[in-house]
Structures are given as C-alpha cells and as structure tokens.
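The structures come next, written out as structure tokens.
Each of the two complexes below includes chain A, the first together with chain B, the second together with chain C.
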Partner chain A sequence: MQEAEEGMVRDTSAECVTDDTIICRCERVTAGEIRSEIRAGIRDMNVLKATLRTGMGACGGKSCTELILKLYEQEGVDLSEVTLPTNRPFVSEIPLSAFAGVEEGGGE
Partner chain B sequence: MIVDMNMQEKDRFRITSHPIIPVVKRREIRFSFNGKEMKAYEGEAVTSALFANGIKVFGHHRRDNGPQGIFCVNGQCSQCMVIADGIAVKGCMTVVKEGMEVRSCDTVPVLPEADKVPGFKEISTLDTEVLVIGGGPAGINAAIELGKLGIEILLVDDKPELGGKLTLQTHTFFGSKEECYAGTRGFDIARLLTDTLGDLETVTVMLDTAAIGAFYDGSVGLYGKGGYTLVRPKAALVACGAREKTLAFPGCDLPGVYGAGAFQTLLNRDLIRPTDKLFIVGGGNVGLIAGYHAIQAGIKVVGLVEALPECGGYKVHLDKLRRLGVPVLTSHTVIKAHGGEHLDRITIARLNSGFEPVEGTARDFEVDTLLIAVGLSPINELYDKLTEFGIESYKAGDAEEISEASAAIFSGKIVGRGIARSLGYDVEIPPGWDATAQTMKSKPGIAVEYKPERMELESYPLIMCVEEIPCNPCVDSCPRQSIKIHGDPIMGLPVFEGDCIACLKCVDICPGLAINLVKRNYDQDRGTSLLVIPFELDDGDLIPGRKVNTVDMEGNPLGHGSIVDVRNPLLIQREGLFRSKSPMMTL
Partner chain C sequence: MRVPEYDAIIIGGGSVGLPMAYFMTLKKWKVLVLDGAPAPGQGQNKAAIGGVRATHSDPAKIKLCLDGLKIFSTWHQEHGTDIEWLEGGYCFPVYREKEERILKDILPLQKSFELDIDWVGPDRIRELIPGINEKGLRGGTFSPGDGQVSPLRAATEFWREGRDRGAEYRFNEPVTGLSVKGGRIRGVETRLGRYSADVVVNAAGAGAREIGLMAGIDIPVVPESHEGGISAPMERFFDALIVDMRPGPEGKTDNFYFGQTVNGQVIFCYTPIKPVTGKNRSCTSEFMPVIARRLIDLIPRLKNMLIRRVWRGLYPMTPDGIIILDHVREVEGFYLSVGMCGQGLMLGPGVGLTMASFIIDGKPLIDKKAFDSLSFYRDFDSKRSEALK
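Take a look at the complex of A and B:
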C-alpha cells in the first residue's frame, strides 16, 4: 500500500460535502449554492433549474437530481415537500441538423 | 526515431495482451486533438482514442475553468463533451473518424456557419408491433421471445454493438446453467444471444440509435445514423439498463474520479489501460468485479473502501480480491479527492455507526484514479413519458429493478412473453419462470464458517462456497454426480459427497473461483499433496518449480508451496470460449 502522510479529518460533518463540492457536474453548481436556495425556502427543483441551472446541462439532470435530494434531506427538509424537476424531451442530446439544415444532396 | 517513441507512448495506455479477452488487430487511423495529430483505432470512441494518447483532461468548463474528463463513458453524463468536426458531442458516444478534428469544449458551443437559410427536414416514419429500447440481456431476451412468435420487432440500442454491459464482463456467470448460461463468460453470452436474435426473421435491429423522446400522438423519436425517425409501436419495452450513481465529496468532479462501469468500458470493451494503479469506493459486486478486472489487466488495486460494515457484493468476488492482496476496508469512505488538473491523491477515513468520519483516522493514498461504485439507478425516463402519453409500455432488467444480469435475462423473457399475450398471442409464461427470476435477484445469504475437510479419498474438491448466492453450475459439471445441493437447488450451498475422478470440471466452471482440487499423496516421500487452483491472470509468473506464498480463501497467509505445472484449458466448449488456466502446486 502506498501511504502518504497521515492527516486529520477537520470536517466531521455527517456527509463531508463541503460547500465547494460540485453537485451538478454539467453546469458546475456547488453544494453551497444549492444549500443557500434550500435555506431560502425553495422546494421546487424546477426553480433551482431556473436560478442555478442544476439539471439544465447536457445530461438533463441525470447525475445531480439524486444528490440534490440528499442535500434537501441533510437540510432537514421532508422530501414530500420537494417538487421534482419536470422531465422534458429529449432524454438525450440530438443535433439540430436532425430536424433542420441546408439540403446538400440529402446531407446530414 | 519519433515513430518508435509514438509506438511506445501508444502502448503505454493500451492493453496489448489480456489473459481472457482476445486482443484483435485493428486498423490505425489519424485524428487531431487541439491541432495535434494523434493515432487511434478505427471504430473506437473519441474518449478512448484520447485516453490511448494519454489525454485524460479534455478541456475546461466555461463557468469556472474546472478541468473536464470522463465520468460514465455511457452517454449518461456530459463530462466528456468535446467539439468533433465543429459539433459539440459526448466523446464516449462518438466514434473517432479518419481526419476528425477534435477540440476542447471550453466555451458555449456555437452553431456552425451556414451560407443559406436552413429549412426543416422531412421526418420519416416507421411502424412496428413492438419497439424494444435497449439491447442488453433484458432487451435481447424479450426480443427473442417475441421474435420466436413471429411478432414484428424493432430493437434499438445507442451503442455500436448488442449485449449491453454483458460485453464488459470477462468473468463466468453465476445463476443456473440451463436457465441463464451460468459458467459462461459475460461477453460470450452477449455473442450467443446476438446470434440467436440474428436468426429471427421478424426482428430488425438498429444500432447506434437512441430512442430520445415519446410524444402525445403515440410516436417515439429515434435518432441514429439514418437521421431522425418517428416510430409508432403497438407496445414499447424500456430495457435501457442503469446508470452509475455519483458520490459527492470535495474533489469528486476531478478528472480521474469516474465510474467503475466507465472503467470497465475503457478496459474490457476498448482495451484501454487508463492507469497503473487505482482505488475503489464501493464494495458491491460492481466495485469488487471492477477491481478484479483491473488486476486482470495488470493494474494495481491500492485499496477498496466500503461505507457499510460489510461489503454488499458476493463473498466469492470479495475473496478473489483479498487473495490477490487488495486491502478491503469496511466502514471507511473517501472524504476528499486532491489534485489541480487531475486527481493525484485521495483521503479516506473510518466511519462511525452514524456514518460520520472518525477524527484521527484519515489516511492519504497517492492514486490518479478513483472508481466510484456506489450503486446504480434505473434508466426509465422514457418509460414515464411513454406511459404519460398512453403508449402501452413495459420495463425489464435494470430499468425495472437493479439486479444481476442473470436476473435481467429472465426478466426480459418473462416481459417478452407478457407483451405477446397482451397483443393477443397464445403463449404461456411457464409457472416456474417468475420464481426463478426472483431467485436470481436474491441478495446473498449469511456466510457460514468454512471448515476444510480432510478426506481419505485419492482426490476430492475443496468447495469454498459458504454464502448462499443464486449459482449452481458445479452440480451439473460433475460427471460422477458427487456435488449436491441440499435445500434450494440454486441458492443452497454445494457439498461434495461421493467419489471424485479428478476431472477438474468443477474447478473450471465455478464462477467464484471457489473450488480447488486436492490430490493426496502426490509426493509420498515428502508427504505433500497436489492442489489445483483456478487462475485467470497473466500467467507469465507461473513457472514450474517456483516457490509461492499460499493464502487461505480470504487471503490470510498459510505458508508456501511450489508450482508443479500449469494446466491449459481443458474444457473448451466451443470456439471462442475462454477458460482459465490452473496452476498445480504442492503444499
């Protein structure tokens, strides 16, 4: 085992998710930004989408939704109060050229 | 010479020999990354081509300049977004092409210039009886059941080949032999299923094609090589599998921190060797198997942490790692990942019963790769949309319930027949199927203590199978019917009762590598016995005469022995099925 120096854990909070931890990878939104919205009373994740862009990135909220729900729980919010983000088409990315474009002999 | 240096550099990140996976020669092509010319293999994903060239940081995020690498290598996240020939794409879902210009995506992507006003394109439509979304173990088996009845099927999969995650599995499967190919390696099962599907006339398969949306008029949007198409099925099956869960901790977004499934895709599908050593968080089957796959590829597993007091995966998978010297720390987790542009160090800590890190227990490990294996979530957004718009829809496999691939095979068969029945076809669902499917989903039972038995027989197997899991191929393998299961025929623990002809078939077939064979009185002068053990790693070190340290089932030191011989595969069932080699050694 390659062990480096022994350190001390300074943050002994239950989850170790510091405020600068990235929660939404696509839009680089941190736990601290989400926590301050939760503490301001936001319970609708569609509002988080609009204000912070969590879930607005190219993955469509597939990675961060569960992590945000955990943050709600850690803030002591009953999940029955939380509105999940509306799932919108498309479920994965598709280039605009699939629907529109300059025709070049049937081009892509 | 520059060419030779390039060759060395190329091989550094590629797997050029593997004990299980055949390394096939592929055609070399050229592409460029940020203007620098690089080599790739035809047909591989942009992500893998970049990794093969030692590029693990693909760009920087427009918001905070954070470095971007990979996370899922499965089209589910967007970490690996790059600009390929002017278009923003997920690198893992885009095949690299000769002359392709790949660039970092450091700003908001812009639309390519057009000199004419673009117009809408005509959208083609298709009809089919059943649309199967996803060609993994569940989707293929559903399509086989439906296709056997002559029902018109369209099966779409967003990857370039069928099989789903079976294609990544180098280990032999658990389950029962007659019902879900137990004892056969995952990627061989994928081929067997694909062949069966190919023989069915009413089944059409569209690869590299994603179902991307369901609409109020009952149509489903497909996007693939042929562009965008709307299909109107009578019924739809969502068998899209699962995506890997993420874990939040400081530094979790650094390149070098990625999914265990992502790692298996790089390693076992694309033969990329992304690192020399790694650490794993999560002791379920995914994490344990990923660790074993790493060792098979010659990658050191520095350690594995599991937050719970016990690993959730099968004990046989855990024991394989421990026997190979991997430290497995339960009640531990990763609390921080360090690095500027890329991971270079992690901090782990012990957790108390409230899952809080215990002060003074933090330890650092220098690794550039951390695999996240903390569970899977069903991919079922499409099912919700299909249902919302009144399209008759079903779920199977992991999209329905996260479980083993053997359970997904069964789930697909049952749901396939169920769809046929709802379409008015006269077909039975055998009464035992549902019970078998439930058995395959069983969580492991409580492990009993292993007591090695000394027998008076010339030879006999040592069956180190002490935890109930759904698995029984050893029973059928014994030509003397000497391996028996008392109790549940799949879940029960196998025992040796009777005689043994030392044919080694049980040693070869056990997916858990949990059966050894003892031949007593091998060397009467020294009073030593011969022990035959299964071995699936690079056999370069297995030289007859070599002294080796021996360990027990769980990796505790026992003493030493010497290798007598290395036995090559005996049990070749058909071309393309690879068996383990077994060193024989005296104790």
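Take a look at the complex of A and C:
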C-alpha cells in the first residue's frame, strides 16, 4: 500500500470495494456484476436496471445510484457520458389499502 | 453511382424497431437503428406491463401475435438468455351478461385461428385467480398459451442479438430530417450527421407523426397516456394476465388489467374512460386511488399489497385502433410500422418479422389480405372496430 501524502485523505474505496461487494442492497447486485456491464460499454443506468435490476427494489435506487456513479468514475468513465436512472414515485412502499381508504390487515 | 451506407435505417429502437433490426440482420442486411433515447427500449417499451396474447379479434393482430408468442416463448431455448417469459395465459373474468356475450361471440373466430381459448365456469376462474370476488361471477375466458415477458429485458436482448449480428445502433441521436430526392428516400439526418439508405422505416412509436411530417406525410397517430404501477414482490398466487372489461363505477376507468411478474411483483394499469391525449408522462394523484378500489373490489386481499412504483406511458393511437404497416406510395423506400395502440410489445416481434420479409423479399409473412387490412391508405373512418381490443 502506498503511503498517502501527509495531511491528505486518500480515497481507498476502489480497493475496499471488491467484486463481491454488494452495491444495490435491495436487489443484491455486486460491484463485479456492475463493473462487467460498465466494461461492456453500458452508459445508461436504465440499462443496468434491465440487466441487473439495480435500483428496481424497495428503495428505488436511493442508495445504489451514487455508488454506481462511483464505480463508473473508478472505471475511468467521464460521468457526462452516463445517463442517470429515471426517478419515479413513491419514495417508500405504501399499502394499497391506504389509497383506497380501507382498513389494512385481515382479509385473507 | 452512389452506394448507400446502409441497406436500411430504422427510426426508433423500441418494441418494434429492435426486433425488426434483428430480423433484417438474419437476412444479411446492414441496418442502422437511430433513437433519441440513451438506450434500447427507453421510450414506451419500458412502460408496458408485459402481457403478450394472440387472443385478439382482429385477424391480422392474431397472426402477428402468434408469431410473437412463438418468438418470446422459445427465446431462452434459442438464445440462452432470459426475457422472463411466463406462460400463464390470459384470463377475462366476467360478471355481466354484456361482457359474456362479447367474449363468447368472438370465440368461434378465435378458434378458427386455432387459438387455445375457451369459456370456463366460475370454479375454474376461482382456481386461476385465488381470492377473486365471487359475488355475481359468471365465469370467463382463459387462454393458456398466452403469457408475459419483461419488456425491458426483451428489448435489451433483441438489441444485443442484433448488435452481435452487425446491426449498428445510435442512441441519444434523434432524427431531425429525412432526405427525399425525386420521390425517393435517400437517408436521414441527425444533429451529428447524415446517413444514407434506400430503405427507411418509421418505427418511432409515439413520435411517428413527427417523423412522417419530415417527408411531408401526415400519419394519423396521436399519443394517449395511460398510467401503470407495480407492487413489491409477493409469493406467487396467480400466473395469468387478468383483464376486467367492466367500466368502473367511479366513472374514470374503462377496463383494467394486471399480472404477477416472474419475480412476484403485481403490475397493473387501467384504460381511462376518457382518452388523455398528449405526451405528458408525469404521474397523477388520481391513478392510485382509482385503481386501488378496482383491484380491491376484484380481489379483496390485495389491500395488503405494498405499492412500490408508478409511471405513465404513451399509447400511439390510430383513428380506428388498428396498427399501420405499409409502404408509403408517395415516397419510394419509406415504410411505416406505426400506431401500435399500446400493444407494441406483443406485436413487435411479429411486426418485425413480417416487415423484414415485406421490405426485403417483397411479400409480408402474414397473408396478403390480413396485411392489406393494416394499410396506411385504408378508410380510417369506416367505423371498423374490434370487439376485443
């Protein structure tokens, strides 16, 4: 390991994030799977949604989007080439009963 | 003599353009696909809920979708990749005499095309849709050979297969002009350059009218928006795509339909009783309360389902609700594959196959009579209407 210059905070994330590290926790997608798509030329994160399901889980990409952008940077991709995934409602999951104005629970 | 760069240029890399490009590469054509979106299927393809059925009442649509079903259902076997095909059939549960009559009246036609569909009693419907509201349930139709795919996965795989066979794709590159000389198409223009070909196909979905106007051709395709939503994954409890044809008591909905995807998410949509024209794709606050009541009324236990996401997509509608496949007489080499009326996903592979054959070999794959019924030059005001959309 190289010593960081005195007084500098060295970014070690590239070494910490191995190919087995989970990046999208909702859908259990690893850094290795994402890196291989990036290396295959995928620049639209909406395609990652299709092929790997990143951001398709409960959180809707609230945690993995930034992490995937970091992986793009580490792979030497200019972020101006990267298309962000589309953000859609809802911020969190909501029971159908809440929309219909009926009581939740029971009904089985 | 000038040699064009491509055999064909397809405008639109979505449900229709991607299969067409792939089928053209199988016939050794050099193809360029242009799309303004950053990746395959990023227009309306990904807004689809994924249902694929051949059980229509229009002969041309039946034939095109039979081809599509064959391609989707054998995809994994043929290509080794997963498009999340699930052969769960389509089920139309019926509560009123009116819908029973409509569905029973078209059964003879559907059976004449050897479609596997029949009327089944309430007991069978209860098996197919566990927990369905039994009050007044008369039975319904079930067609086990229909199914569902993931629209975005299907689009992605058509793109990969086409690319591996030499088709070129330029995304983030909307077409800004068509080059027409002496009544003949010569190519297309984008902000990045000009590309030449003697064949140009308009497969631009919701943007088809704008593309036609670039060649002075007014195509009667108008986008209408529909909203959709999806739940969190649940244990699988039904396989069929379900269509409730009744209009809703709230006065907002015509039919509504839903399915459970391969990973257990329930995906749903309704047809607004009053069409919403235009290209606005922002979600409304009306959709969820309206569809929630309809879903809970049909299957009460769905009230506990967690809703994850909602969106809004565009149906490129024609005046008679039937698609347009044709060659433009006024502009030699300019072809139309437009106006899918919200069924681009299920029609796409069959349309791609028949158009590749029509363009390259001079004759469509489906029979001439059926193909001619999709003509751009038909009488759109003839009040032809499908018994079942």
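One rule holds for everything that comes next: the second predicted complex is superposed on the first by the 85 of 108 C-alpha atoms of A that agree within 3 Å, B and C clash if a C-alpha of one lies under 4 Å from a C-alpha of the other, contacts with A are read in each partner's own complex, and residues count from 1 in each chain.
One rule holds for everything that comes next: a contact is a pair of C-beta atoms (placed from the backbone, for glycine too) under 8 Å apart; a residue touches a chain by one contact, two chains touch by 3 or more.
Being a predicted model, the structure only gives us computed values, none of them experimental.
Once the two complexes are overlaid on the shared chain, A:Val91 sits against chain B while remaining clear of chain C. Touched residues of chain A, counted separately for chain B and chain C, are more numerous for B.
Of the two partner chains placed around the shared chain by superposition, neither chain B nor chain C is touched by A:Ser36.
In the overlay built on the shared chain, the residue A:Ala58 is in contact with chain B and with chain C. In the superposed model, A:Asn46 lies in contact with chain C only, and not with chain B. Applying the stated contact rule after C-alpha superposition, one finds that A:Thr83 touches chain C and leaves chain B untouched. Note: residues 58, 89-90, 93-96, 99-103, 108 of chain A belong to the chain B contact set and to the chain C contact set alike, using the contact criterion stated above.
Taken together, the chain A residues at the contact with chain C in this complex read 42-44, 46-47, 49-51, 58, 60, 83, 88-90, 93-97, 99-105, 107-108.
Only residues 1-9, 11-18, 20-23, 25-28, 31, 57-59, 62-64, 66-67, 70, 87, 89-96, 98-103, 108 of chain A touch chain B when the two sit together in their complex. Interface residues of chain B facing chain A in the complex, by the touch rule stated above, are 61, 63-64, 66, 71-72, 75-79, 81, 87-88, 90, 111, 114-121, 123, 158, 210-215, 221, 223, 227-228, 243, 245-246, 248-253, 277, 302-303, 327, 333, 335-336, 345, 347, 349, 354-367, 377, 381-382, 384-385. By the touch criterion stated above, chain C contacts chain A in their complex at residues 38-42, 46, 131, 150, 152-153, 155-156, 171, 231-232, 283, 288-289, 291-293, 295-296, 300-311.
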